[in-house]
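Shared between the two complexes below is chain A, which has chain B as its partner in the first and chain C in the second.
Coming up: the complex of A and B.
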């Protein structure tokens, strides 16, 4: 009886993963297709990758994306960590309010968030470009950093903090020598997540992109309007590899941390 | 006469509406090993944390060497704490853990620091462990490092919050002697919190018994064991038979009391003497191991019937029913009389083992 259910479970799961990843795999496969049509397979080729690297606008969009992602990761890591650490000293009520404010950007639909940011930055007369991209990406990245650092902070035994103060550390010395080193792995993991999320974002970036600063996903999206070319497949494959790499690194850091415990 | 090092003056502490420390007043002498003893939740750890500066007090004062420290932050007080779970910094090795205090206070140079760390490691017999990480150490070793980390700061007082609570029985016994040795060797004043009466009696110069946020008794282990001041101390320290008796006559040192048809002379406590009056109820407490069972009738003994006999290694525990009460007698040597269950026997005791105390309302309900 148990055998039967487990066999069904394996079948169901396999089906689930095939449905989930088959389209992704086909994109990767067809990026190496020699034919310019995405409908038939005519043999292996790196032609589309060659074209991809020759495309200047894509190169520009790629650079913009990387710049925005790195700046977003840094800004979010700093703001999120700062808020999480400060929240250790505020009252329970403040903490709850802070928690709510932090979760809000994750609940508000991105379309609404995008429109409101558009109005906001317009009112401030900020030129749309890297700055607005970084600020808007940070808006939905800071909460992730905050949550991950908070989780790690909650794991730290209160007596460790008390004993640092007891041994003669001032509050700031204690934060610098005890709290920050202990939450560092979480900060790095969260920053990498921000990097991946910023690289991935389409909706908000569509609103925020300036005339000379389009991010890669936004550019891909606009390329799609003229139809799926194998070049898009090649680009998507590279984005996929890049994202997997970042997530892989962050997983490694988390794993290492577990061992260190 | 030793100088008082720390003075607690009418100290009060509330958590919201809960009055957790009530008018605590006593002094701690330089170089002594003082234990705060009480059941869990009695406020002993809170009191320790107030001295360390980790909790604020609402009224009263804490004087260290004559100066008030009640408004100072923990890092400005010349006291250090050893926490129950050791609280070693998990990301720092043994050397950096121990060097933490002096580094934060920038009190010594690195070269001198190395020398000092070596000294305290030697003191706790952990030389050679400098490079180890806390998770590579056993519970007992972590304990030693936590003590070394505190002692390197040369605090006026070392506060220890149930430091042996997490260790197994054998290690706990070993660490008891170890702590006493460290205390004598460094001459540091130790304030030790525990709920374990054996630990307290073994190690302390003086014991403060605390219950429900109040000091119940303060004295030497011998004093507290033999002359408990009230019913709480009587029931908390030592294994005693505690039962109500009727007072017939009161004298200077002695009182005549009645239990069922037995009339006996007993020693009354110093505190009890004033409060005891004839024809009233009082409570008699007798240490189980100061009692004897005899077959022959004798003076000043309670007549009863043997209910059960248990042999537990070197101890023999005999339960005797005396006028509706079951008393437990613990004998160590061969029993005086070879009684069997159901035999009529006489229970007597060494005079110093018994103490007569005034009755307190609701004493039986409080789990005594």
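Coming up: the complex of A and C.
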């Protein structure tokens, strides 16, 4: 297909991408500024990274965040895949109901969801910490796994499933040997997305964090409220590097799948 | 297996959502009718006080601020994002993949980082003021932080990718031969755009509107960092009431007010797109 875009179109798109990435690049650039103020550039420095690694609170928050994110990704991958696979067997009405229900956590405003869970866990006398964080994060992660796995399931040739069942495989055998291997790449990609979303969540985590289990974003938010300091820039830059690592892994998995076809 | 037996498989999922969304939401409804004592403890006594406060002119102002913020965010993201989606769908396959990648990448980047970026750009000692002063265009820094507009810029920036992806899915399905036909029949570019392109991509526009509007109601960390709390939005108010303010019944009432605003937009989405399960929003 010939490129039908006008010069103005390309110009607009380029300008848009500059604006889209300018804030991100500014954060990265000023993390290397020797001066503690953005008012002037006084040369390159790694001083802020050094200060960062000496900060125990940040290390603790980081560990909490990683634990929560990994557990959330695993729980969400299991529940989301289960829902997607189950929706192949249930009645048409139940299938519709499941679709609607899975959208629910995504359309209720996050603040309302956070407040409701705060009241609920409080009423249950559940201590706020890793458990409450994982449960609440899985709420907005499971739907994404469900959607991504369902889209992949829709691509699977139904005759493969039928022939497996005709040849005497039990339903469970068929799921284990045919469906799960086929949707595995989607599950992994979705789980990585959950990992990133859990690591990034501010709103729900604010309500779910316990006194000794603050997540990294909640801590970063409180640092940012004080104002602009290069230490925050350095921390943000490291988080960005971590994010790109996750994206790289997920890209690798998608690429592999494409070659496998 | 009988149908009802197969439906039993769905029970764990229904329980999970019922436990984490259903019951907590019912709790919020119940709580919004309860009182509290001076220490912020909940007293089991029926009252309409919280709801009376919600419709009090002072607090209605907060609803108005949030509504305005969400509407303007949706409008700005549409005006900026529609051309991006349109141009991208017309690109050659390679450039199109690159453009789509660049549009989706911010989904993965920390939302706090993206907000903080604007603090770096717009602050009194920020990048934009530095550049303008170095060029001699201004003598002292322009105050750009802590305004309604600052929060608006940050919120729109945060949600822009949602709008672009929603619109792109619609624009990409648009049958280009219809546009050719319109030109052949003598319609101008603008006429074709408003009479053919816009109506046919309406599902994407309304989908994007919904996807942007709902989170825009509650991105309180953006308005907190960029707006400095100078304009009170629903998200900030609920957050303060539920935590430091220790007024949970009132926080519950305002949360339901926020849910009501979200439902209004969803009803609009359902009416226009007939997508009852809302699945179309997330594909």
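A few comments on the model shown:
Simple rule for what comes next: the second predicted complex is superposed on the first by the 256 of 261 C-alpha atoms of A that agree within 3 Å, B and C clash if a C-alpha of one lies under 4 Å from a C-alpha of the other, contacts with A are read in each partner's own complex, and residues count from 1 in each chain.
Everything below uses one rule, namely that a contact is a pair of C-beta atoms (placed from the backbone, for glycine too) under 8 Å apart; a residue touches a chain by one contact, two chains touch by 3 or more.
Bear in mind the structure is a predicted one, so any value in this text is a computation, not a measurement.
Upon superposition of the two complexes on chain A, no clash is found between chain B and chain C, which fit side by side. Of the two partner chains placed around the shared chain by superposition, neither chain B nor chain C is touched by A:34.
Residue contacts after overlaying the shared chain place A:15 against neither chain B nor chain C. Set against each other, chain B and chain C differ in how many residues of chain A they touch, and the higher count belongs to C. Contact with chain C, but none with chain B, is seen for A:139 once the two complexes are overlaid on the shared chain. Taking the C-alpha centre of chain A as the apex, the lines running to the C-alpha centres of chain B and chain C meet at 100 degrees, rounded to a multiple of 10. In the superposed pair of complexes, A:252 makes contact with neither chain B nor chain C. Legend: residue contacts after superposition of the two complexes on their common chain; A:236 is shown touching chain C, with no touch to chain B.
Closest CA pair between chain B and chain C after superposition: 10 Å apart. Remark: chain C residues 3, 6-7, 9-10, 12-14, 16-17, 20-21, 23-25, 27-28, 31, 80, 83-84, 87-88, 90-93, 95, 99, 102, 105-106, 108-121, 123, 125-127, 130, 157, 160, 214-215, 217-221, 224-225, 234-235, 238-239, 242-243, 248, 251-252, 255-256, 258-259, 262, 266, 276-279, 281-283 touch chain A in the complex. Taken together, the chain B residues at the contact with chain A in this complex read 52-54, 73-75, 80-81, 83-85, 87-91, 100-101, 104-105, 135, 149-150, 153. Partner chain C is touched in their complex by these residues of chain A: 1-5, 9-10, 12-13, 16-17, 20-24, 26-27, 30, 37-40, 79, 82-83, 86-87, 89-91, 94, 96-113, 115-120, 123, 135-136, 139, 142-144, 147, 151, 196, 199-200, 202-203, 206-207, 217, 220-221, 224-225, 228, 232-233, 236, 239-240, 243, 246-247. The touching residues of chain A, counted against chain B in their complex, run 157, 159-160, 162-170, 173, 177-178, 181-182, 260-261.
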